[in-house]
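I've put the structures underneath this note.
After this come two complexes, each holding chain A, first together with chain B and then together with chain C.
Coming up: the complex of A and B.
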């Protein structure tokens, strides 16, 4: 309990919050890495996932690739990328994007698969083209599932982004490694608490976004059913 | 013979993991209390049984394990029974084990070990450090004769950078007119030979870029790529030669010499000490780099490396 208290005190010391390597700057870096990784991963995985979900093609490959990518140890990917690309942000970002892709990819196509086939059949019967089915039906109805995928990807990355400090980048991992190597366990535990806090905040934001992503028609229909 | 090693490493990892998750109520993170996290194998061997079995430990550092294995096989060749407890973390973790008598032989590095026990130590030559170390070690422990081989932090630059600014020593860095960055582990920032020490001894300003692989391939890559101008690499690392790096001289003795020095308990009698001394006498700087190279470049196991070297030196 004593250790935990010291860690909390470490976090709360206002002198540690300012400056280029202060807690505020490091937390922002950490958050920035997380959002950037999720953004890049989404740019890659969402179009592929939608295409798989819309056409039904390549589903086996998508499952296999995202399953295999989930099994990759991030520190290994990071070290390998670091040896190829050098130190800095590119190597850890590569590793984080690879970490984030599986959840987003799976959520993108699973969201489409969760759409009631009768809705799509009805749309086609009314003369919707394939593109109209995609943009007006599958994308909005699949959105809540996709946001769920982004949420779990963001959580994984925010918890792993400490590794950026392994190859000379910033983020809260700086404190974690320094605390580990200098037996400053208040610093180590304190920075972990900051990561946890950041993760909880992100999770809350995504929970709200997930609720907002449910199309109005669906909530009305649900209310209609329960009423 | 490797299995107990792995297992104790795993046990330690598990202890560390438990400690990290905060499950331990016995304050496992509390510095000196780390003895509670002793490797499973050593605790039970205390007392009378230890008289005929020598427990040899090593740091969590491949080169240190090779040296430990040299001692182990040399002792076995002379009929001693040896128990290996390798890869046990850093000083804060294993020294309490050595002090408690759970480990009988530990390959160490003179300067840093002296600073661990005596932060105010003023000795700078290998001889003075050895003499001071013999005084500073706790009761029941003694250092054997140091080897010629050293393995210490060193400031390295690329050959190209050295020629461009005509650098041979750390003092020459004063003439470099661009900002200097050093790739090193994050704790380098807090070490006496880190940026502060460099400023004090040579009047040179550097900033640290933390790369956490202890002067390994990522650090070397950062230097060769030009992301940093300096890198902290252990002097016995074969990459200094293979990447054609220049180690800057240290005329002010900012970095203490780190001669390989075995620390032994009273369980190691004169005969056993003589066996270890014989190995150490042959361990020159070049031999140590050669041993390390076999591990780094050929991925040979410490047992194979040690066996071959001892046979080559006529010691086993």
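Coming up: the complex of A and C.
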């Protein structure tokens, strides 16, 4: 309890918040890594996931690849990438992107699969082209599930982004590894608390985004409002 | 006009859904494809708008093989109404109805006007225009489905068990209105159902199918009831169980009551001249209890 208190005090010390390596800057850096990794992962995984969901092809491969990617130990990937790519941001970013891809990929195609087949069949029978089915039906109706996938990817990455400091990049991990070296437990625990706080904030933001992503016609259905 | 010429459909798993099927659907008719599930009736219907392509044979619309038509363009010229409405859950009633006109490039304002006309035509309250499908009753959803199918003023309307999922009272009301609508707009309607009462109530022409889309009988409702082609038709119609055999009985007060084989009253017998006037289509359709008295759905059934 005492150590926790010291960690809280460490976090709250205004002197530590300012400056280029202050808590504020490190938190922003940490958040930046997270968002960048999720963004890159989404740029890779969303088109593939949508393609799989839309065509129904390659589902087995997508499941296998995301399963395999999930099984990779991030620290191992990070070390390997660090050895290959050297010190800096590229190595940890690679590891984070690999970490984030499975959730996003699965959510992208699961969102499409959750769309009622009869709705899509009816739309095709009205004369929707494949692209119109994709953009006007599958994307909007699959969006809430996709946002859910982005949410879990962001949470995984925000927690793991502490490892960026392991190969010389920044983020809140800096304090953690510094505290480890100097046996400053208040600093270690304090930085962990900051990561936890960041994760909770991020989770809240994605929860709101997820709610906003549900189309209105579907919201009224869930509430069970009838004429 | 739709013509099937020796159409066969073999699916990838080897099942033959349709074997050597031929049929002429006259322009402006309401033709019902009836049969149990798995008889190939839906497959046949979906060949008209190329949702299914035949393995061999031809489907002609107005003399032209649909195989040569672009499926998307073809579908925008043919209305389609399905069971469970198939409405887009994230679009309002008005947006759903305007789907095909908008796809065909109609501007927003004209589409809105068209939507209003369509809602009026199918008996939907204009206030429902900005509701979402989930806020409607089953009967209202089906009306929206019919309005959507007709919005682009198609020559052909395909209806796949459109009233299968609504309660009987609403169903007979929807059937009555469809007959009326058909008389009004003259669109060629191809209607799929497994319900023989519905087929008798709606069809100008009924085609009763067995597995593999083998035709058991083709004819008018009257022909089906009066001259069933074989035992399968008799069973399918319920004729073998006396379900459609009605007898006259004079009630105590002198009125003539019509009873079925089990002595259950089916209706009263009207003298010529006291037919209710709002029954323009009661005559030629022996379906359900049509000739035995007022139809169950003839009073305005609440749909909400």
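The rule we apply is simple: the second predicted complex is superposed on the first by the 220 of 227 C-alpha atoms of A that agree within 3 Å, B and C clash if a C-alpha of one lies under 4 Å from a C-alpha of the other, contacts with A are read in each partner's own complex, and residues count from 1 in each chain.
In this text, a contact is a pair of C-beta atoms (placed from the backbone, for glycine too) under 8 Å apart; a residue touches a chain by one contact, two chains touch by 3 or more.
All figures in this text were calculated on a predicted structure; none of them were measured in a lab.
Clash-free side-by-side placement of chain B and chain C is the outcome of superposition onto chain A.
When the two complexes are overlaid on their common chain A, residue A:121 makes contact with chain C while staying clear of chain B.
By the touch criterion defined above, A:166 lies against chain B but remains apart from chain C after alignment on the C-alpha atoms of chain A. Once both structures are overlaid on their shared chain A, chain B and chain C have a minimum Cα-Cα separation of 45 Å. On chain B, the positions that touch chain A within their shared complex are 20, 22, 27, 29-31, 92, 183, 185-187, 189-190, 209-213, 217-218, 221-222, 225, 227-228.
Residues of chain C touching chain A in their complex: 46, 49, 51, 72-76, 80, 82, 84-92, 99-100, 103, 128, 131-137, 140, 148, 158, 304. By the touch criterion stated above, chain A contacts chain B in their complex at residues 2-4, 79, 82-83, 86-88, 165-168, 174, 177-178, 181-183, 185, 189, 192.
Contact residues on chain A toward chain C in their complex (touch as defined above): 116, 118-119, 121-129, 132, 137, 140-141, 215-218, 220-221, 225-227.
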